[in-house]
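Below are two complexes that have chain A in common, paired first with chain B and then with chain C.
And then the complex of A and B:
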């Protein structure tokens, strides 16, 4: 029996052409459903500096905190439930835990606590869950709605989860936490008990000169667009140009033109979808007033995220790819490219 | 929503990019230029797969001489050949060496947003 060893990592690409004016477009729901964003990259050709209103939006991504060695049971602490979980808007993700290898935890703004556990930890916890769809080493997914009445402090479900997380499986991890109303004011008592640091998303701005770009990005096929955007983001563009070079034959796709300048901005950290939404609106407004023909915005999710969009399961395998690129042109039309790895049940 | 199209991976279009395939050399002071780096990989392909392997098309999209890290781009049908020859390349100019593959993806764009690179402390 022969085995096909030519298998490359599988990914799914979804392309959507739509309009911001279309009430049924899926962009808003997609942006809001992806809670755990790691990096946002923006590319605007024929632009050398961001106007002040766009600049202020880019710098307004809220700060987040890194809490060290925090027990997961803190998420069901009565005080934390009342100040952060019930009002909503708090997001937490275990940091430096590798999905598929370690136990990973995520808390979503809707109050759902999601744990991705190995077989041994799952049995110790004693809370009903589901076998991972990707069946990686007996992994189980436990999902608990902390806003459910059975999970109210004192309730049967609550007591069972509390004893599981404090006695049978006292899981601890470093966590990234973010809150729309500001972490410090909402989570004061929690932070007072642990070693923590407040962090600002890192903003990097580059002005690219003499950038060879496709003259009509919208007409290029999706794979070429993403290769080209990746090349620009990785700083490869300067060496592009010759199809006969010994080192690389990669060239800019389609009919080309030279953009005198291009603005490349990236923000990385623990980014909330709310700010991504504001940034999209601001870029649209900017495009209407500027000479730039289009802008691209790419949002990368965390590789080791437990959940993908629609609260489906996310795994890694060899890539853990989960990102989307939004190509906006003047007017209201846009092209959305959503990429997910083979271990991702996102179905936008 | 209008004009929605769903497109699954097509082998014909797929590109596989290996990011930061860094050779770890016994003598850290050894320097390789981009051309030498690519020639070294071609040699490895030739040793393992002969002339057919040496003819495999792949690109060195970006190379950093100091850290000896590179972005390699290869059609998906050549991924296993390239990966295996990198794994088995054990010496460079009589020095022990090894390649470390850091990330593999069909999308170059995916390699610029790896959250595992996030260093907060």
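And then the complex of A and C:
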């Protein structure tokens, strides 16, 4: 018990104010770099119903599949490499594998295969890798660029990797797989060999009434804004504001105002960077037309993801926070808040 | 000088001293006697002894033991001499996997005989004990796990076993030196696959056959 108290996990919060009109804004690169997104949650005050075109946009997102018990060696199958990896249209993530305990696999759209292995598996595989930055003794990260010439089928590197994944360490796992042109049409041969199910992003919409919210997000402290957004997302916003409450004296930050209605939408699934970009565009357009002063969009990454932003290593001790929040106001300005856990590397 | 030694006592002192001088012959004898008593006699310089004949027996002597020969053991070559003689270097024409295959067959026969015929019903404990003391020259071993990824997967016939390394020849006719530490090897014979933890195996083959193995708990690599 005492150990837990002493070693509290710490988080990093990086705050950036910029504008969409600024060509050098880092938002676009950040969105592109976080390949695997679990959830996007929107909060729009003074709005009672979801914009209609937002629904159609979300429905147009491509579906993804969950494949059960697929061996990792399928990723280096020649057909799969040619149809999916080389064009850069597929990405995959191992499902229900815990980053601290099990072997985790991620395949990124740029053709990089990343394995996070425990010590025994790494000793068996026989491919050169690096020791994890965060857990030096127990974890090794093996990163392979499948588009590199040394990994072309028939080459020494390819043969070594193939023999490693088939004979020495036959890793299998459940995978979430997504293809830009649609998984079912492009990966038929792969899907025919394994048990798979098609899934679509889940949308849940909530209308909040009588929400105390900050009138000007720009003047508020970043930490308090994050706290407040988390409280709203967790559904405890009704108890905020009453300082005489027995349980908590937490109040909404900054100059407050009462919003009669507010809309909270969350889209969860296996979301790709271009889905996130589409959503950002839609919310911006909506904000221009509506009376809401601001809107917040939070993108959550997977907690057991192998990679964090910029293909940096992602670890999970007791935190595992891996998300960023975009606070958009009328006009083209935005405030970007990036939160990473103690075992994460943040993009500069 | 002889006259000085033997001088007669003067007449006027005879009555005073009441000593009579002896006659010359008596005096001479007494002088000689006196000298003989006072001088030390060394047996070595005994003239009479020296001048007498002594017989030396040439045959029938006891043979002297050659003490130096007893301590001289056969010393082996030291490491420098061995290296100079290049006994551990195998010639180019012999560096071929096929050349060592008969050795492997020989090893198979040896192991099967050692373990009393490797049948599926053999006692595993017994086989394991035999394997511990066995010689592995000629066995085909594979590295299945190692802290260094490049060693993993290497397979070959054991050409030489040293204290800390195995020297293998692979199918590509290449010699590989694999350190024993931090490696797990696998040996397969007649369906029996045994995994050897190299960390525990760091002894010369000859020493391993005679020494007892300590029971240690299994260590992760």
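The rule is short, and it goes like this: the second predicted complex is superposed on the first by the 338 of 348 C-alpha atoms of A that agree within 3 Å, B and C clash if a C-alpha of one lies under 4 Å from a C-alpha of the other, contacts with A are read in each partner's own complex, and residues count from 1 in each chain.
Note that contacts are C-beta pairs under 8 Å (C-beta built on N, C-alpha and C of every residue); 3 or more make two chains touch, one makes a residue touch a chain.
Because the structure is a prediction, the values reported are computed rather than measured.
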Clash-or-fit label for the pair chain B, chain C on chain A: fit
Chain B versus chain C as contact partner of A:205, first or second or both or neither: neither
First, second, both or neither for A:250, with chain B first and chain C second: first
Centroid geometry (CA): angle chain B/chain A/chain C, rounded to a multiple of 10 degrees: 90
Which of chain B and chain C A:215 touches, first, second, both or neither: neither
First (chain B), second (chain C), both or neither touched by A:127: second
Which superposed partner A:119 touches (first chain B, second chain C, both, neither): second
Contacts of A:329 with chain B and chain C, given as first, second, both or neither: neither
If touched residues of chain A are counted for chain B and for chain C, the larger one: B
Which of chain B and chain C A:163 touches, first, second, both or neither: second
Lowest C-alpha to C-alpha distance for chain C against chain B (Å): 30
Chain A-touching residues of chain B, taken from the complex the two chains share: 1-9, 13-17, 34-35, 38, 57, 59-63, 71, 73, 76-77, 79-80, 103-116, 118, 120-121
Of chain C, residues touching chain A in the complex: 144-147, 149-153, 184, 220-221
Residues on chain A engaged by chain B in the complex (per definition of touch): 5-19, 22, 24-26, 38-39, 41, 66, 95, 98, 176, 197, 199, 221-223, 226-227, 229-231, 233-236, 239, 246-250, 268-269, 298, 300-304, 318-319, 321, 323, 325, 339
List of chain A residues in touch with chain C within their complex: 119-120, 122-129, 160, 163-164, 168
